[in-house]
Structure formats: C-alpha cells, structure tokens
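Each in structure tokens, the structures are laid out below.
The same chain A turns up in both complexes below, where it pairs with chain B and then with chain C.
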Partner chain A sequence: MSDWGMQKAALGERLAAGRQHARGKVVPIPDLPAFLKGVIRSGDRVCLEGDNQKQADMLASALANLDPRDVHDLHMVQSGVVLPSHLDIFEKGIARRLDFSYSGPQSARIARMLFGGKIELGAVHTYLELFARYFIDLTPNVALIAAVSADKDGNLYTGPNTEDTPTVVEATSYKNGLVVAQVTEIVDKVPRVDIPGDLVHFVVEAGRPFYVEPLFTRDPAAITETQILTAMLAIKGIYAPYGVRRLNHGIGFNTAAIELLLPTYGEKLGLKDKVCTHFALNPHPTMIPAIEAGWVEQIHCFGSEVGMEDYVAARSDVFFTGPDGSLRSNRAFCQTAGLYACDMFIGSTLQIDLEGHSSTVTTSRIAGFGGAPNMGSDPRGRRHPSEPWLKAGAEADPDTNAALRRGRKLVVQIGETFGDRNTPLFVERLDALDLAEELKLDLAPVMVYSDDVTHIVTEEGIANLLMCRSKDEREQAIRGVAGYTDIGRARDAKLIEQLRQRGVIQRPEDLGIDPLDADRNLLAARSIKDLMLASGGLYRPPSRFRNW
Partner chain B sequence: MTAATCNDVSLSWYEASARQRIDALVDAGSFCEFIGPELREISPHLAIFDLPEQFDDGIVVGRGRLDGKAVLLAAQEGRFMGGAFGEVHGAKLTGLLRAARALSQDVLILFDTGGVRLQEANAGELAIAEIMRAVIEARRAGVNVVGLIGGRAGCYGGGSLIAGTCSKVIISEQGRLSVSGPEVIETNRGIEEFDSRDRALVWRTMGGKHRFLIGGADAFVDDEALAFRQSAIVALKISPGCDVAVLAAEQARLERRLQRFGEVEDAVEIWQTLGIDQPTEIPARPTGAFLRAANNRESADDAR
Partner chain C sequence: MEKLSFRLTAPRSAGGTRAQAIVGVVASGNLEVLLERSPPADTCTIDIATAAHGFGAVWDAVVRDFVTRRPAGGLRISINDGGARPDTVALRLAQGVRKIEEPER
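Here is the complex of A and B:
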C-alpha cells in the first residue's frame, strides 16, 4: 500500500468542507444543514450521541432533516435509539445499518422497522460491548455529541451528564474522525475541561440544554407492600449473610424499596457499615435518606439524574465531582466498575424461565440491553478476592480446593410473582425466543443468562441457585418461589420441602420475617417530597414528579 | 374540657386506609360501624363486568365520638375502584345523612374518590343527587356536614359536587379537589390545555394549597391524621347555617372570583393577584409559612 495518510487527508477534506459554513469552530444554526451535508459522506459510520439519559437532540433532528439524495446509507453506531428522530433517519433512507445498545421508548417502532426491512441490524449490544467495538471494528467517521458549554477553541464542559462523551470522542477523534458538538452556550471560559478542544472540530450553539430523561427517579409513593417484603427478604437474606458492601442496583421499585429500607430496617438489623458502602450507581433520589444517614462511603455514576445536581455537588464526600463542583459521570468507567469491582447486582426483570434465564423483552418490542447484562454477569476475568465473592464461589463449588476456586458475583433477580397488570414473572418460555424467531435473530435477547443468576427473590422467598446441584433442583428452586403462577403451582412439594431444609429455598418465616411487618411506614421516605426534605431542599425534582 | 383520648401515633392521611383514617380521627375505640363488611352488601353490578367486589363496597359508615361529641362518619376507600360511587356505596352515605338529620348529629365525610363508578353510572349519578339533597336537608335542619380531603384518589367528579355542599371543607396539601380529573381534561381538551403528567401543574391547579387560597376549602392542615382531627373538632364548633342569604352570598362571591381570575392562565397568576409574596414559592412552603403567606386568601365569606 503506497498511499499512507489517506484517512488524515479525508479528514482534511471534511474539515475544509465544514469550515465553509463555520466561523472558526462555531457553526451557526442556520448553516447547520449545509454544514452536515458537507462533512458527512454517504456510507459513513456515524455515532449520534445518546443513551438512556442524555441526547444530542438538536444534532439528531438536523441529521434527520438531511435530504437522502445528498446523504444516504449511513451506518449508525450509537448507544441509544431513543428519540423519534433516531428512527426517522432510517425511515427517510438517510441511514441503513444500525448497531446499538438501548432503545427504551422506541422499542416497538424499532421492531416494526426491523421487520419491515427499513433497518439492517448489525447487533444489539451492551454499552460496554459497543464502546469496545468503537475501538476495534465500529470506529465512527463522524461523531455528533452533546455538551453543556464550549469555548471558542472547542474545549467542552459536559457537566454532570458526561456519560458516553469521552469514550465516543476518544474513539472518533484519535482515529481521524470528525467530532461535532452541540452545546447549550458558548462561553469565554468553560467551568472545567471535560473534553480538550483539540479533539473537537466544530461546535453548534443550541441555545437550550440537551435533553435528559429522568430515568432513575422512582416515586416512593408507588412502592407497594409486596415490594417492601421482597426488599426485606433481600436485605436480611442476601445483603446481610454475604456482607455485600460493593454493589449495583437496578432501576425498579424493588431496589428503590431496598434503598429506602436501609436507614430503617437495615439500621434495625445492625447492618450499617457492614453492607451497601460502595456503589456503581446513578444518583438515585431514593438513595438520599441512606446517604444522609451515613450509610454510603462512595458512589461512582454512569450518568447524572435530573434534579440531583445540587445535592450531588453538596455531597462530594460521596460522589465524584470536578473542580467546578459538579458531578463527573463516565459510563464506560462506571460499567467497568460495575462489572469488575462490584460483588453484587440486584435488579427487577419481566420474565424468568425455568432455567433461570431472564428477559425484559415482551413480544414485538426490542428494548435493547443498556448496561444490565454487564452488571448482571459473572466476570470470568476477575482475580481479586472479597468476602461475598469467595462465599458465593464456595457455595457453588464446595469440593474444589479453595485456592483454585473461582469466586462468584452475586446476581440477584428480584420481583413479585405477578407483576404489572398481573402478568406472571415466571414463564415456561421467554417471549424473547418468539421475537428472535420472528426477526430471525441469531440470539434471543436475554438480559441475564441462567448461568449468571445466583438468587431469585419474590414475596414467597429466596431461591439460592448457587446451591442447586442439578437441573432438576434448579427448576424446583425456581418453582418454589414462583407463588401462584402456573409455574409455581406445578411444583413438586416434597422436593421443595427438601430444598427448604437445605436452605436452598428460604421463606420469610425461615428468615424471621413476618410479612405483616412489610408496611409503608418502614420506608425512610414515602413521597418525592420526603426525599426533597431529606436532602435539605437540595434535591429539586422535575415538575412531573412533584405532587405539591 | 379535657381532651378525649385518641390514637396519637403519627399517621399519614394520604397513606392511610379508610378504616385507619376513621380510627385515627375519632376518640379511641369509639367507632361503631353500620352495615359492616360482615353483612356483605356488595355491588349488584360489578359481577356483570367480571370485576371484584368488596364487602363494604368501598365505603365505611358508622357512628363515633369526636372530642366527646357524638358524630356520624363516612370514609371512602380510595384503593377500591378509586373510591368511586356505586349504588350501594352511595346508598350507605345517603342513609347516613338522613340519619344525621333525624338524630341531629353532625357528619364527617372522609372523601377519597374519583367520582362515579363507570360500571354503574346511572345508579352512581342518582346517588350523587340524592346525597347532595340529603346534605342540604341535614344542613337546613342545623346539622354540620364537614368534608375531609387528603386521600390518594383526591375528591373528583360527583365527590367534588358533594364537597361543594358541605358546611366546611378541610384539606391537606396532598388533597386534590376538582370536578374533572387531569386525564379527563387532557383527553377532551388536549395536552396543550392540561398536561396530566405534569404533577406540579396538577397540584397547583387542583391541590390543597390552591383550593385553600381560592376559598374552595376552609381549613388547610398537614398530612397527619391528628391534624385532621383537630381541625374537624374546630369545624364542628361553628354552625354556618344554610339559608337563602348564605347561598346568595356564595353565588356573589363566585361571580366576583370569576371576574377577578377568569382570564388567568395559571394558578401562580391567581396567587400573584391575591397579593401573595413570592407566589412561585407557594408549593414549596411548609404548612406554617404557607398559612402565614395565605393571609390574603379568598375566603368563603362564611357562605358555606
């Protein structure tokens, strides 16, 4: 090959085309369509920044408004397909191929478009996988990103919602790709430099903040007594005996209940300083009472949460903050932390089958994975020991020489036997399998694989799958906590009694828990207002969560 | 007079069930239920729709003592069908109000309702009319009928009409009082008119603080059963009466209110017009500070 330096030359051409529409690095909004047409080439791999929280929404609309005769056949590589405009890009024929991670609110439309052939799917990833592929075989030619402010040199301040930005910029800019940022405002001096200006080629002043979804706010008023019971079981039956100090929580109401029980029920059990001291976790508002009661030493965040900015800034002893005082989040680092430095993941799911595979897919929706499969999996590359990891490993494999035995990450699925609208949590066959057949996917979208899950918690009790010695035992352990679902009613009562004797299944009474004690009075906060008050007024909930 | 004993443990009115509210409201152990669940007076309509019934049809009625005084009580259970009025539910309240008139005993209605039950709409609408008539007849006979609002379902639809006929209305911040619910307005008039998911908007339009400020409620209390109890004791000490002069005064007040605020777009503008200092801060104010700020509120001019 004689023509070395072709990528640099191509970048040079893009820069030249872009500069025709820019003053320095700044592209005025009216010139944005012509600018994008100039810097994006048909067939480009494009990363449009957006995940389950922040969105480069203005650049997304601008891209969707291009003429497909000018720009077409793009290959979109992005964390989130969340905004309607993300799919308009495909509907209009501007993009053709898609590799992504999370689709949340667009899950039904994305499935329809895949079925209708409007989207050519590469793969559905976890965040960490997609980030990894940015550096191997899915490196973007163009990245369209979002920040809070920029200076004229392109130095960016990404604020509390830094999230994916450093990863996207690193992969794009250092591999001859072009980086364009939308910012709320252009300032003389940014509060802190999150992204150095020499990695950023152009900025657009949007005049308004990028969109952020308050995905991690759970209203304590909606927590049910059954959820409180599952939370009590988890705390007393798993957190306490394993001594889980380093962990990640999912976003459901069950884990919100756990967070709100720490300063009350957890305190009563004497667990303070013994569990829940270090988290890989977004700043959940429901963590406020536990933080205020001194339970938590440290939290690293994937992203921020709307309304929590001032609280986080005032609690820099717990959270990671920059010299400007505000939160520094980083999704790639936090996912890695959740994978390798946490001893437990606990989260809710929608369906669990008889082997213990679980999935949040329901028919005709592709919601993607986000980060849960990374959190909810046993990292085979882990080498550092910890008490919960060693104990779980010993339960799974008591006969191996301890010095040669792998530990196990605790992966806990928690939920009520009948979920939203009385849909059973336990099923014979996952809907994910039907979806995979319908869309001819190689893999069914399974959130947590059976061989990773260690415990299942429902209001009926805890099933410890680590201690099951056969496929049969495992199936009965799952049936044994499946309550009055069809799966639960088809149990072998005798075998389940044996499992209970061995402690594989633990009922509330086995743990000394009276279900009648599961009362909303146990919650350290029973409303969003209580959370605001507990924060000393620092938490400012968004309008849609305020019932005052 | 020495205060009669009551259950003085802290209890959130918003969180409590109908029976918990009654227990916390009246003098300890004084409540005696009429037509209790053991009699299984269930709705004759719900089975047709394959819907579950409840043995008390979602309302508890009976007698008890409040600070020593004999009173009649009705409490709606907002967690059963949103506390909605059906045939039996309505008949129990009508009967209680007629008894109040016959016995000359005051009545406390603990509202927690979305309005009339759609599955038995005709019977429910008739019940609302009968109840309103019974309230007025009781009041004409000198009986106080006090409404207490602070439950999860709020006080909507027919429930709000009944509340409008009460001699006094006590409300908490969590309480909501309005004829049409947020979803109904959004469905009929569009999200631009009213975004039902914007809870701050819902509360500043229908919530307890706003209703108190515009004279839709007479007393504002903390979300505590004890606070409701104390306010109810006070409310029963005043007998506003109910004659033509009172109704005419109320009509004049409502006309004046419409003139004064008819054009405003948002509750905050009303608060500003009322001359409230820092009106945007009203939702965040704790009870004491709120009551001080509420000095200029629209009062009901004793019209109730």
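Here is the complex of A and C:
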C-alpha cells in the first residue's frame, strides 16, 4: 500500500486552491465565489451550518450563486433546511442528495421538491442522529460554518449561539475536511475561543451578524384558556405525582403555558423545589417568571434565543456561561443531556393515531424532526435511577422484580383536540404513511413512536398509556381524551368509564381542577412586555414581538 | 345564523343560589354563555345561536356530555357562539356551572 495520505493530499489541494483567493486565512467577500469554486469539488459532501436557530446565511447564498456547470452533485448533510437558499442549491442543480434533520419554514417547498424529484433524500434524522453520522458515514468534505468573530489565526468566537459548530468542525477538520467560517467581524483577540484556529482553514468577514430565528419565543398574549386548562392538567396530573425535576419542554404554546403557570398554579400546589428544577432547554422567554421566582436551579441550552442574551448573562447561576459572560450553548451535548439525564419530554405534535404514533408531517409539509424524537424516546442505555423513571417503569411492568426492571422516561404529547383551522389532532391514519408511499421511503417519518409515548394530555384529560394492558385499552384510552374529534366521538363510553375508574384516564374533575381557574389571569406574564418587565429590562424582545 | 335547541334530562342539579351567571365573550372563535335558573331541577335547556352552520351533531355530543359530567339541572342556558371550537364550548359550559354555584361578589 503506497497510497496512504490521500485525504491529507486532497486537503492540501483544496488549501492551495483556497489560498489563491485569500490573504492568510481571510477571504475577501468579492473573492468568495471564485474561492468556493476552487475549494469545493463536484460530488463533495458539504455541511452548510444551519439548524432551527443560527444560519451561515452568507455562505449559503454564496453557495447557491455558484454555477452548476462548475460545481454539481453535492451531497448536503446539514441540520436545517431553513433558508430559501438552502433549496435554491437543489433547484439549480448544485446539490442532488440531502440528509437533514429539520426544515420548519421550508416544509412546504421541500415537500414539493421531493415530489418533483429535485432532491434525492437520504433520510430525515434527529439532530443527535445526524451528528452521529458525521462521525461514521456522513463525514463532510467541506463545512461552511458561522461565528460571531475570528482573529487572524482563525480562532472563532461563536457567542451565545455556539449550537452545532463544535460538532461540525470536529467531524470535518479532524477527518481532513475543509472548514470555512463566516464571521461578523475579524478582531485582534476573540472574547473567548469556542473553536481553536488550527481547525479553521478560512474565514470570511461578513460585516453583519449571521441570521438567527427567534424560534422559541411564544407571546403569552396568544395563550388560550383551553391551553391553560391543558397545562394545569399536565402540572397536577403528571409533574406533581411523578415529581419530575429534570426535563425538556418542546416548542409551543402548551409548554409555554406550563412555564407561565409554575410561579402561580405550581406555587399554589406547593410544587416549588419538587418539580422543574433542572432543564435541557433553550432560554425560553416564557421561563423568565419561573426563574425569577427561584424555581430553576440549572438550564443547559441547545442554542440561544434572540433577545435573551443579556438576561442569560446576568443569570449565570442558572445558565452555562463562558469567561466572556455570555451563554455557551452546545446542541450535541444538550441533546445528549435531554436523552440520558432528563426524566421527561413534553411537547406538541400535529397528528396522533390510534396506536399513539405521532407525526408532524402532513401531506403537503415535511417539517423534519429536529430534536424531538431524541428527547421523546426512552433511552435503552440508561442505567441511573430516579423517582419518576422508576415509578413510570413500575406502572408499565408491575410484576417484574423491581431490581431488574427498567425504568421509563416520561414521554408526553400535549395539545388541544383541535389545532389550527379546526384540524383534528387525532387521526385514523397518519399523513406520514401516505408520504412514505408516494416517496417510496422505507420508513414513514414518525416523530414519536407509539412504544415511547407514555401520556397524552388534551383539554379533555390525561391518558396514561403505561397502564394500558392491551392494544384495545390503549386505543380507547386515546379515544377517551380525543374530545369531539371523529376519533373521540367513536369511543366506547363504558370501557372509558372503566379506564377512568383505574386512573388510566383522568379528567379535570378527577384531579380537582376548577374550570374557573382556567383563566388568563393565572399566567405569570400575559404579554411579551410582561416578560420584559419580569426580567428587569434584561430581556430585549425582537421588534416583531414588540406591539406596544 | 343557525339556531339549535336542546332539552335534556340532567342527573344532577346546579348548585348555589345565584340567579344567573355569564361567562365568555362574543368574538370570533369564542362564545358567550348565559345561565339562568329555570325549573324543573332535573332538566337543562340549552338554546344556541351559532355563526357556524352544519355542526348540529357536534353540539349534540358536547351538550349531552356536559349534562352528564356537570351539575346542570334546573338551568336554562343561552349560547351566543362566534364559531368556537368544541373544546372551547365545553370549557365555557363547565365554567358557567361553576360560576353560578359561586356566591355573588
């Protein structure tokens, strides 16, 4: 064998091609198109950094502006397909194959392009799963990443939005791939070194910050009384009895309502210090009142949230911060924390079927998964006990010797029985199945599998699926909280009454929840302005949320 | 505007002494519910004026569940509906019988 070192040699060629357009490590913006054409080869596996929050937006546009005669057949391996340019790259024929995780705002267009054959789909992953594949069989040849600042040696400061960057750089740079960073500015000394300069080959000074989507901001003004009732059910019927201290909240108004009820309703129930003390969670603005009321000991973050930077910096007792004072987020570590060190995931979904499978895919939209299936799954490799984990395990399998019994992570799906435009949450058949058929996928894109879901909470009540002993019981438990949807109305009323006697189904009245308490006055903050005031002016909401 | 009327046997009669109670507001996606005492104590009558047509079967299911689950006997209930979802209707009805049980403030 005389050919060892081929990858190092290929990297050497890319570096040489890049240096023709750079001064040291710095590529001037006017030279960026020629630079990218020089360092990217047709057929390369390219990671264009971007998730549900931060975006290497300038590099994305530059990549989309390449001539497909020069660069084509790229295989994009990236967390998020979020910007229009991410799909322009496929529309123009620069890229062909895609492995991704999340596609929120592009969910309709990505579906059209998949049906139109413009994109050859590898798979839809969870974040952690895609990161894992970066180190096994989807290692990038080139990574195009984003940071706040760089020095001339390429040391990067990512600020509060570190997110995926360390993972992408680790997989690319240590396997002979090329790393190119867009930065807001080049400085003499970076405030802290998030990525060491010897892993970064080139930097481009964008002259403006990379784009960040304020995805985790929910305006309390839009929370309905039904959502408040549902949140009360979750707190009194799940958080309290299991004593859930370590958890992750999904995105959405249902969990925002829970966050805003902790200092009011939660306090009244005497739950402070007993639940919600440790989170794997982004810095949700709706967490401010609970944090200020002293509920939360610690939060580790996937990413940051626009406007929360100063607040987080001022609450380093709760959040992870660097020597520069700002948040240090890390998606891979936080996903791992959510998988192994949290006892509960609670989040919303778009469709739940009669077995309890849930999916955010509808026939015209492929939103991807993000982190939800990772948070919302029972980690079979877990070995440390905790009260909620053991209690859930005992409910699922009361007859096994306790010392040999696996615990269970609580995986809770929460939502109103009817969603946007009166779309029912409960369906006979998931749209994801039709999509899988049409696209000839081996797997239907299911967000949370039936055997991972432990509870479903709607305004009608809580279904505890751990305590169901047959497929039929499980189906009726789901129908029993499906309200006035077709699924709910086709219930077997007698069987449901039996399930209620056994505590498998619990209604608001069974839990002593007064419907008169389901009032917006119960929210610890009723507007974005309230949140800002609760933070002592440290939270600076983005202008689109300022309506005063 | 569609008008629906139900006269239902109610196993439990409403508590408290208050003559009437009102909950909710007339707005799109919301509803106003007026509850008044009206004998006999084992019957609940519900009159609905709704902006959304063709949902008679859902209303039927909602009001029947309501009289089964909540003490609603001896009430005449008038609903002015702005196209609320069934979950909102069920919540307002539950709030209404709770409110009429409460002492006047």
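As a working rule, the second predicted complex is superposed on the first by the 547 of 548 C-alpha atoms of A that agree within 3 Å, B and C clash if a C-alpha of one lies under 4 Å from a C-alpha of the other, contacts with A are read in each partner's own complex, and residues count from 1 in each chain.
What we mean here is this: contacts are C-beta pairs under 8 Å (C-beta built on N, C-alpha and C of every residue); 3 or more make two chains touch, one makes a residue touch a chain.
Computed from a predicted model, the values in this text were never measured in an experiment.
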Counting touched residues of chain A, say whether chain B or chain C comes out ahead. C
Figure out whether A:91 sits in contact with chain B (first) or chain C (second), or with both, or with neither. neither
Between chain B (first) and chain C (second), which does A:153 come into contact with in this model arrangement: first, second, both, or neither? neither
Determine, under the contact definition given at the top, whether A:543 touches first (chain B), second (chain C), both, or neither. first
Contact-wise, after the overlay, does A:484 reach chain B, chain C, both or neither (first, second, both, neither)? second
Please indicate which partner A:418 is in contact with in the superposed arrangement: first for chain B, second for chain C, both, or neither. second
Quick check on the superposed pair: does A:509 touch chain B, chain C, both, or neither? Answer first, second, both or neither. second
First (chain B), second (chain C), both or neither: which does A:520 touch? first
Would you mind listing the overlap between the chain B footprint and the chain C footprint on chain A? none
Contacting residues of chain A [partner chain B, same complex]: 520, 526-527, 537, 543-548
Chain A to chain C touching residues, read off their complex: 224-226, 229, 416-418, 422, 458-460, 483-484, 489, 507-509, 514-516, 518
Using the touch rule from the top, collect the residues of chain B that touch chain A in their complex. 12, 14-15, 173-174, 197-203, 207, 209, 283-284
Going by the contact rule set out above, which residues of chain C touch chain A in the complex? 58, 61-62, 69, 85-88, 90-91, 94-95, 98-99, 102
